[in-house]
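Chain nomenclature is as follows: A, B, C and D, assigned in order of appearance, with residue numbering initiated at 1 for each chain independently.
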Amino acid sequence: MSKSDKYTTIHYHKYLELDALLSLQKPRSTAAGETAHDETLFIIMHQVYELWFKQILTELDSVLLLFREERVREDNMHTVLLRLRRITTIIDLLIEQIRVMETMTPLDFLDFRDYLFPASGFQSVQFRMVEATLGLREEDRITYHGKSYKIVFTEEQQARLHDIETGGSLFELIEKWLERTPFLRFGDFDFLAAYQEAVDRMIGHEQAQISNSQLSDSMKEMRSRMVGDSSTYFKHVLDREEHERMVASGEARLSYDATIAALLINLYRDQPILNIPFNLLTELLNIDEGLTTWRYRHAQMVMRMIGNKIGTGGSSGHDYLARTAEQHKIFRDLHNISSLLIPRSSLPDLPPAVERGLGFHFRNT
Amino acid sequence: MSKSDKYTTIHYHKYLELDALLSLQKPRSTAAGETAHDETLFIIMHQVYELWFKQILTELDSVLLLFREERVREDNMHTVLLRLRRITTIIDLLIEQIRVMETMTPLDFLDFRDYLFPASGFQSVQFRMVEATLGLREEDRITYHGKSYKIVFTEEQQARLHDIETGGSLFELIEKWLERTPFLRFGDFDFLAAYQEAVDRMIGHEQAQISNSQLSDSMKEMRSRMVGDSSTYFKHVLDREEHERMVASGEARLSYDATIAALLINLYRDQPILNIPFNLLTELLNIDEGLTTWRYRHAQMVMRMIGNKIGTGGSSGHDYLARTAEQHKIFRDLHNISSLLIPRSSLPDLPPAVERGLGFHFRNT
Amino acid sequence: MSKSDKYTTIHYHKYLELDALLSLQKPRSTAAGETAHDETLFIIMHQVYELWFKQILTELDSVLLLFREERVREDNMHTVLLRLRRITTIIDLLIEQIRVMETMTPLDFLDFRDYLFPASGFQSVQFRMVEATLGLREEDRITYHGKSYKIVFTEEQQARLHDIETGGSLFELIEKWLERTPFLRFGDFDFLAAYQEAVDRMIGHEQAQISNSQLSDSMKEMRSRMVGDSSTYFKHVLDREEHERMVASGEARLSYDATIAALLINLYRDQPILNIPFNLLTELLNIDEGLTTWRYRHAQMVMRMIGNKIGTGGSSGHDYLARTAEQHKIFRDLHNISSLLIPRSSLPDLPPAVERGLGFHFRNT
Amino acid sequence: MSKSDKYTTIHYHKYLELDALLSLQKPRSTAAGETAHDETLFIIMHQVYELWFKQILTELDSVLLLFREERVREDNMHTVLLRLRRITTIIDLLIEQIRVMETMTPLDFLDFRDYLFPASGFQSVQFRMVEATLGLREEDRITYHGKSYKIVFTEEQQARLHDIETGGSLFELIEKWLERTPFLRFGDFDFLAAYQEAVDRMIGHEQAQISNSQLSDSMKEMRSRMVGDSSTYFKHVLDREEHERMVASGEARLSYDATIAALLINLYRDQPILNIPFNLLTELLNIDEGLTTWRYRHAQMVMRMIGNKIGTGGSSGHDYLARTAEQHKIFRDLHNISSLLIPRSSLPDLPPAVERGLGFHFRNT
């Protein structure tokens, strides 16, 4: 095909390869001579899911490429954001699609269920690739009968998954990008020190207000204890050694420096230079939350379709899926940033030099 | 494949023909050596649409088959209802999917738009089949440059469309089914006479109440005129000759008898025997409304993508699509039944014999 | 107000009591002189939720009334179905509404969070009433700090909750209605016996097919064991004594007779007389699933807003909400019916007399 | 209320003013002694709409305030964006809410419809305020019976609407903000000249490629004519005098300078400094499109509810609403920017000095 090809014409039907596409639905019940009406729906449902998984992978791969450049170019960040947002939009659609599956009743499913054995959603390599590309590691996964999730795949597929798992996931690239944030120490402004001071001041102020308030003694004590807990919590989390211990033990995953950078971005997100980084972190939460909801809704649908019986893949589908919903969350540490935030009114003001540094400088010269 | 095939195993990947499915995305920009990132999305979007169209056609064809049986079996009606409802659910998803398309910006579309020429959604034969199967006739369609919508299709596709258009659409089968409703004359109960009497009584009563009310004279006049208009309207619509004139002129499509049956079903829908017929008519409205919304949202999306410029198919896409939204509605006459309804409090009571006739009779003998 | 009131005019603004309605948003941060922009959203979000809860209660109360009539009238069942379906539609909207809440960032919430103490969604008496009316008993609830969920309410509210909990919930009314199903024994047709025979035949047939198949020995063994497990399961569940033991121990809640009736309705749902009962059971699952999803999404939102810190109500909101999502499911036993279904091809044919009994009898005499 | 108030406690029930809120549903049918079950739904539906309208107005007013500052502060733009996005999210919910209304059947509506006269959605002053605040002028509105839309409002409400219409709408503030864009002339870089040159080069190139292609003569002619039309179109639109003529005649509304700035922002949106402006323009399109869809769906719902009969407000509701859907669009000119875009490959490169000027400059000194 040459570049001038844009001047050859193409028909919609050919462009989309519809002859091939629409011949790929091959109900097994039909082949066996006892067509189950709903098997076509079942096939199309899953083919559509796989097409969307391919699209998500396409977007993720492009994002990884942009992030892998030696120096992440600022003018790529907007593109990254738009592509992550597209993934969220697609996941929303995947969730809605469960409603279509729910139009199939358990009795209708039984008409062809036996033909599927032992095929199952566990065997979707693309979905595993999506999870792995985002950053889910083999050790994070809930095991099924104590075996690697990879055993249902071909060697070639296993190799692809292995490459993804060892090649630098989005989680790792985001972590490195956060660690590179140049704003943590800025001239003589030390963000962490200023933040800790603000936390202390805020907590002292609150304790004083509680003492002087009209609250009953038991209420005073309760609120006071809450404030005290917060204080301990902040100290605990912001301690580098403590943090590293948590990472080592698996309680946290994101490195200390990346965590602090994410905190800074959340607190000062209104600074123009931090708008896009903030939106980007938000989008990672959206993707994580979307996938969690999808897994959960999927588990509900399976429950509805087959009750507590084991799925076609030989697993008690509902329980497994319901457990993965939350456990396979990837950017959990970013969710936890919320518990470190302090009110804007307590935020340390940025020194003017820093504030200028974080703004846009349009120099028309 | 033999019946025992349900005891051969199958892998998810093979069952869904994923090797083939995932190789059918062939961006023309890539072939030409200047990959446009968003072309993959564009292809997958449309392939997913076509898969859903196939599913809708599968459901519609099965419904037509059930309706074509000499005597529509009552115990098929529930199945018909569930399948129509599935179509509505799928259309809801098609509408949601427009959000995914909207993540593609006009500038991104421009990167590969030239490669598509003259491919266009006009060339989706499956969508035309959906419309024709529901009951859209060639003469109902908004013409484009005064030519048949069929000219963009192959001879074989044109033949298929022709067969559908002449083979008895869902509209026609529903019309015949309504005409067969046995309840219009029931022993010595004449529904239409009773209904017209009720309308007259209701209107007389309302006029009296208006006269006796505390309303200002101008308000009395306005309300009175409204009631009078209603009266004229009812007389007009319920007149067989007038109705047939409207059908002849194209102002209405549904036959007189079918219209009256639909009216009866709406008014007495709480009678057990009319539950499913009522739900079925409602579902036809849902499908019609869903497709209308889809066309309208599609038109908006095209406007956003290319403004007022002509589409890749050489049409001013937005205007054409926006006009089809409402014009290609199929069950318009069922929507209009609403304007014939009268309040339950004015409804003629069914004679006890009729009421028993419309209930369930469980005879445990 | 007299009946003639329909002839006095009313303005939209007055009808909706907008002067009062729009004056009920009273941000505490504003009262304290430091307006937090997002507090208005927070108030309106929750007021909208409460308005919808009122609507759900209105529908539920009307459904309970219809079910409480000595003999549930068949021509009310369609109304019941439409109202339950409306509840599902409203719950779908409640779920969507979480997206609006998610436009509030954690930092924005912090601006007024302290003013809310200790107000919390735990204190929504209407939501508790919805759960209780559906059938959630006090003992089913996850306790919070080991105390009754009622302690946050006024005495009058507690009394209302108590009345609901002891007055016959929807669960109980549905259970009684199922138990009254007259189809279980029908002339000389004994549904349960026929069903058990069909299960045995089906299982025997499957075992034979597995033995004769080309499967590897280990596969044969695995499939055979699965079939065997099914067999045990069916025997187990269909045994009245065993069932009663499960109810006594809390493993199941729905009575044996009601369970068998629900099974019959699911298996023979295509019989006209069972259409509405089947749709009604389906709608109960939809409501249950909708509330479950709402609780789960709510938990996710709380996690996002405040991380792992305790909520304004003093609870670790996310964990509590996430646990209630599944635990507060009410019609769990209806979900489990799915695991008792057998393929239509194995279903015992109904004797012709029974089949006639389940159809419509339109007698035009 | 003093600042220490955050240390007085508040109950959820009191905070939300639930006693008052839940007593504002006063069905007229109940007052008249013939309760129509669905009237409560009707009231709650509309009260919820009005609460959301209040929220939209709250967001719009805050955005206007931020835009009215002498010099729009860059670090407010992100806040503006988040608030506009919230409005879009709310509008999505308003659209979804129509499904709840659609659970009310025409027959159910008839049970209380007479009581509403002449109340109607036309009388929602808040919705008119939303439209006016966005920028809809009185002269843009489709008139109803040739009278001002304001006549259904009180004098005080009319005055409020007048103030909004004359006080600087969002449209006007956006227009001024676009006109202030400093990037149109940048050192010796003249954006418009460079853009026009690029358009000419692109068109010449395309014409050459068409001539040299393998297309049939008629195809060549067709494509060539399309390209020619584009060329004319670009010239036409980019001519200041021609543009001013269009504004004067009402064909366009956005000023020439603002249009060119919007074009630049769309073309160079990847430049960091233009990210937020681009996202902001996109959000205005989203709001416009959302309101259009809402009006359209609303029109459909009215059609379904009352057919072609006149609404309670005395208008033929469906037709009026369907026409406003598109006609009351406010940022039409921003939609049309799409037709002015040219492919990135044809875009003039920015001189390095300009590119630096559009990037972030982080100076850690």
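Just so we're on the same page, a residue touches a chain if its C-beta (ideal position, glycine included) is under 8 Å from a C-beta of that chain, and two chains touch if they have at least 3 such contacts.
What you see is a predicted model, and the numbers here were worked out from it, not measured in a lab.
Of all residue numbers used at the contact between chain B and chain C, over half are used by both chains, marking a mostly same-residue interface. Comparing chain pairs C-D and A-C by the number of C-beta pairs in contact, the larger count belongs to C-D. Among the other chains, the CA centroid farthest from that of chain A is the one of B. Chain C and chain D have centres, each the mean of its CA atoms, that are 39 Å apart. Mean C-alpha position of chain B lies 31 Å from that of chain C. Computed centre separation for the pair chain A/chain C is 30 angstrom, with centres defined by C-alpha atoms. Counting partner chains per residue, chain C has residues 6, 9, 34, 105, 114, 117, 223, 269 touching two or more of them. Listed in rising order, the residues of chain A touching chain C in the complex are 34, 105-107, 110-111, 113-114, 117, 222-223, 226, 229-230, 233, 266-267, 269, 282, 285, 289, 292-293, 296-297, 300, 303-310, 314, 322, 326, 335-345. Across the interface of their complex, chain A is touched by residues 1-3, 5-6, 9-13, 15-18, 20-22, 24-26, 28, 31-34, 37, 40-41, 43-44, 46-48, 50-52, 54-55, 58, 62, 82, 85-86, 89-90, 92-93, 96-97, 99-100, 103, 105, 114-126, 152 of chain B.
Within the complex, the chain B residues that touch chain C are 4, 6-9, 74-79, 182-183, 186-187, 209-210, 212-215, 219, 223, 269-273, 275-276, 278, 353, 356-365.
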